[in-house]
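Some notes on the structure that comes next.
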Amino acid sequence: MHGVAIVGGSGYTGVELMRLIDAHPDLRLMAVSSRQYLGRPVADVFGALRGRVELSFSAPDAPELLDGVELVFLAVPHKAAMAAAPGLLAAGRKVVDLSADFRLRDAAVYEKWYGPHTCQDLLAKAVYGLPEFYRHQVRRAQLTANPGCYVTSVLVPLVPLLRAGLVDSQSLIADSASGVSGAGRGAKMNLIHGEVHEDFKAYAVAGHRHTPEMEQELSLAAGREVRLTFTPHLLPMDRGILSTIYARPVAGAGEEDARRCWQEAFADEPFVRVLPAGVLPQTKHVRGGNMVDIAVASDPRSGLLKIFSALDNLTKGASGQAVQNANLMLGLNETTGLLGLATTP
Amino acid sequence: MHGVAIVGGSGYTGVELMRLIDAHPDLRLMAVSSRQYLGRPVADVFGALRGRVELSFSAPDAPELLDGVELVFLAVPHKAAMAAAPGLLAAGRKVVDLSADFRLRDAAVYEKWYGPHTCQDLLAKAVYGLPEFYRHQVRRAQLTANPGCYVTSVLVPLVPLLRAGLVDSQSLIADSASGVSGAGRGAKMNLIHGEVHEDFKAYAVAGHRHTPEMEQELSLAAGREVRLTFTPHLLPMDRGILSTIYARPVAGAGEEDARRCWQEAFADEPFVRVLPAGVLPQTKHVRGGNMVDIAVASDPRSGLLKIFSALDNLTKGASGQAVQNANLMLGLNETTGLLGLATTP
Amino acid sequence: MHGVAIVGGSGYTGVELMRLIDAHPDLRLMAVSSRQYLGRPVADVFGALRGRVELSFSAPDAPELLDGVELVFLAVPHKAAMAAAPGLLAAGRKVVDLSADFRLRDAAVYEKWYGPHTCQDLLAKAVYGLPEFYRHQVRRAQLTANPGCYVTSVLVPLVPLLRAGLVDSQSLIADSASGVSGAGRGAKMNLIHGEVHEDFKAYAVAGHRHTPEMEQELSLAAGREVRLTFTPHLLPMDRGILSTIYARPVAGAGEEDARRCWQEAFADEPFVRVLPAGVLPQTKHVRGGNMVDIAVASDPRSGLLKIFSALDNLTKGASGQAVQNANLMLGLNETTGLLGLATTP
Amino acid sequence: MHGVAIVGGSGYTGVELMRLIDAHPDLRLMAVSSRQYLGRPVADVFGALRGRVELSFSAPDAPELLDGVELVFLAVPHKAAMAAAPGLLAAGRKVVDLSADFRLRDAAVYEKWYGPHTCQDLLAKAVYGLPEFYRHQVRRAQLTANPGCYVTSVLVPLVPLLRAGLVDSQSLIADSASGVSGAGRGAKMNLIHGEVHEDFKAYAVAGHRHTPEMEQELSLAAGREVRLTFTPHLLPMDRGILSTIYARPVAGAGEEDARRCWQEAFADEPFVRVLPAGVLPQTKHVRGGNMVDIAVASDPRSGLLKIFSALDNLTKGASGQAVQNANLMLGLNETTGLLGLATTP
């Protein structure tokens, strides 16, 4: 049994971590912090956890976040994460950071999108926590940067295709849509039911912060700089991301080649399902689970590949992936506690 | 490891059973039948199960439904269940029947609501599978009648109060609402999204088939015949039942007495949460889990008790309860495989 | 053409008024105020109105709220309405108040539920704006108190039955459910999509502010004091109220008597539809329109009448009724601008 | 007052036509046919219309579909429309066909996507009913082919840009999403709430029947053959289409040029709203109304134009546009009966 703690447990990634840790046979949640709910029982804020998570919210600097704790999940906003990480690492705790603070390897890129990076020395030590591509590094990491939700949905299908040289790296368009929990749990007018329900819209069309993160990893996979056109949309539902990606295959390549490439790359992956020809991903099939479903189809008119991926933005897109990383960092079986499947319906 | 099978796996209770069995460490699904999908891979029909349930749908009389199977879940409609149960029992298999066929102890009552009962000799052997009240009988049962979804939501809070004589048994009104999965998985016009979404309505107001089942058990608890006024409603959501029950307390009794009665009755129950004063059940807090949340408040104007209960109609209201019963019948820990909590959101 | 203005146009009743006035051939919107959005174009806040409502939000005391204005809609919260009404009336403007400030005839009752009433001299002059029962008074009113949304759904079916002495006035239970727009348009955590979607719950079970308003009018109809048991619920949808009401019929009376009573009472009502036997109201059938659909069924077991009513909480439950009142107060045809039907789906 | 009839009134386009005609001051609905509901009162099938549409469904060949009727809306599936149109035209009635039967000018293209065309002589006489581009032809038409829903959402923004030569006609990708009413009103498993709610997916990715219709009109606008990459998606909502379109601007052109082009092209259009820079379309803003909202943004990384359009698939995407065409064909003001705005929320 490994003790873990959560710094910043008032949001949806925080409560999702608590749900997953509750179901995890080898992790024990020692403490969870929240400035907003300081001192309140977790069950009063998150009724789903009543009777099972008996903790109350701690202060962010409370000793119980360290005592008996091997690994800390940072579920705070960016900037707050880079303020908290050095102390935890210095105290010998492993850290999985769900914010963006250690995802970008280049501090200048970080600054452009988020503002100054005040903890640059840790950037080189941080491991990008997408286990499907960085499993071995994560196993040895002290600090893991948990990828963005949209990013995971784009990288999982594209990285193998770029590594294999099957698609033109300069042709990529990612058109993604997310359930509203991706925008966090905040009392904001644009998140209330009356504004979201029965609505669909694009947002952040001139530049979303996940773009540089995607480009960083796509460029590494392609071996050259990749520029991506990315458009996020907001869905009238709680959970789920579907990305529809357009890519020009290199001459002679088609959807079968892409599918075969994936089948090889993901043959042993427990959380990636390569769908057979003619089957397309649905967010409902991954809701609450840690799966990524991917598929590909050739457009018969343009020859473009249409690539699809679905995941749950809070599970494989955030907290599930964080537990997957924690499993690796703690020497556990990677899938422990993460095998729950989506409900139907 | 105990082999189990599902007869009738094409509906929502069937797929929910498969999800729960997949997560269950001591059960192995040997076969699942469906006339509609005969021969098709389960994963082609239920994408959420892809990569984990590798079976194809069997015929209802296929040998694999018996081979290596200790217990069979009947997830077929009423009438079909009473046709299948005798043979399975004769072959030495235990049976959990999710239909209504063995819930009513009086064949005449069954006939009035469902038509002739053709398997009356088994009625006396069947155990009513509400473990919170019939745990010991279920442990020894060969045939368990899994309760109706609305019924479970009404019985859990009311039975202890009637047994304790805290409410007038002639005053009961149950006003319930269910997500649309309670109506099953069928290609019916009244179930399509365009008819259900952004709608709320009552139905079956002159008599719903769950009424006699509630009255049977409430009468046993009260020690006299109970007549219940019951109104079901259809919610624009997939899963969840909330029952709002009105009951006149006996002289001198109030909400605190009711709450105390529950706290005693359910002190050791793993799946019943008695909410503290001022907290009300929400279907979202039990979605996908096997919990029943109950609460009570006195109406200051009329003195009536308002009693609330929430459960997931497919989990505690159907397949979760069926697995709970199977655990008991197979000598397993009652909670095994059923501790998953609702996601938030 | 009659000039009208809206004080407090930033909420859902405000924008619904703007939509209805835009479609009204005889009303012209001269100004709309909002402290929150002062100076911003209405279309920037409410995109649905772009290109048609060209106004920007005014200050609450701006002269354009009076210039050329015959009637003012107060769509501000209670307390704010009673502060604004006297000045408008003194300036010779007619007022339709959508808040609760002038609904309760007894200032002591108001104080109990809302706090001190600072404008009691106007209480006697205010007309309760439920045209189906107070049409003639509304025609002559200078100040109309627009009824609460739940209240309208309960009064429309019950008042005729109480007046006719068909139901026991001491037996009434109203179990109601509302779409989330009934809670207003505010940046509140309990209103965000992640908290509301796929959820159903009761709230305010120990006392909702609409209760005394219902009791006031029900008592007048019954000719004796009525105490009502009322339970509101929150639906995972935007618009619509369904009330399920339980009432004991007087000896010898049944559902046919109730239906006949309604058919007489509402024979000439343009906005009340008495549904035939066997048909039940659905919120979807009244969404966006000004209709109230009502139905009744006898419970064969208890003999109770189950009474159902559906309306759109923002239209007949608020802004549609306000325009209906304004039509009467301005000498227009009562139905002008209000004949739009619900969309399907 | 002009008499109109609807052939095929059992679907969502049929009921939407009835709603719009009910609100239209110059149209009177004389009859509506349905094989499925023959003889049943319309209000029994579509409760929203109760009390206002007093008709019962006629047989498809009933005389009341002609008597006193000037114009017939064909709301039947393709193939059925081409069977019905010649007789109606021969009898001197004008026809607005909402099916695909007369949209494609080339019978060979029709055959490829739909099967043999049995009424080719009418193809040359049919006018493509997108009034924004074919208003003058529609005014003189006897037979108007009402465009597809996705098609309208793609053509409105793209045609002016192609005519003006502002975008590369070989670069076009349309990524669209529709509410589920676009799939019609049928008792199909893939349309039930349990399958659609909280889900998002692509479909028909290897070729959707709206593709050739888009290409036909885009090619005419571009003056050369256009090949379009089109991907439709299914949204968990009832109404609304959002199209996100990627286009490469010609050298030197940017989003301002595109916006200016639209402002000129649509300056006098009553149903097209060109949104200002920084504002993006939302399906909710057009729900139930006849508007198309369009916007454009340059992607700063790739230089691609991102073009957005939102409409209601049943209104501007089908029945609203059909009434707009009928207005033109009958010599009425084009906007009559179509000025209702979307509700908020």
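Read from first to last, the chains carry the letters A, B, C and D; within each, the first residue is number 1.
By definition in this document, contacts are C-beta pairs under 8 Å (C-beta built on N, C-alpha and C of every residue); 3 or more make two chains touch, one makes a residue touch a chain.
As the structure is a prediction and not an experimental result, all values here were calculated from the model.
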Identified repeat of the B-D interface (over half of residue pairs identical), from A-C, A-B or B-C: A-C
Between C-D and A-D, the pair joined by more C-beta contacts: A-D
Most distant chain from chain B by Cα centroid: D
Distance between the centres, which are taken as Cα means, of chain D and chain A, whole angstrom: 39
Centroid spacing, where centroids are CA-atom means, of chain C and chain D in whole angstrom: 36
In chain C, residues with contacts to at least two other chains: 12, 181, 185, 193-194, 197-198, 236-239, 282, 284, 287, 344-345
Footprint of chain A on chain B - complex, ascending: 12, 15-16, 19, 22-23, 44, 46-52, 181, 185, 197-198, 238-239, 273, 275, 279, 282, 284-289, 291, 293, 314, 339-345
Residue ranges of chain B touching chain C (in the complex, touch as defined): 173, 175, 177, 179, 193-195, 197-203, 205-207, 211, 227-229, 231, 233, 235-240, 242, 244, 246, 280-284, 287, 297-302, 304, 306, 308, 310, 344-345
Residue ranges of chain A in contact with chain C within the complex: 12, 180-181, 185-189, 191-194, 196-198, 236-238
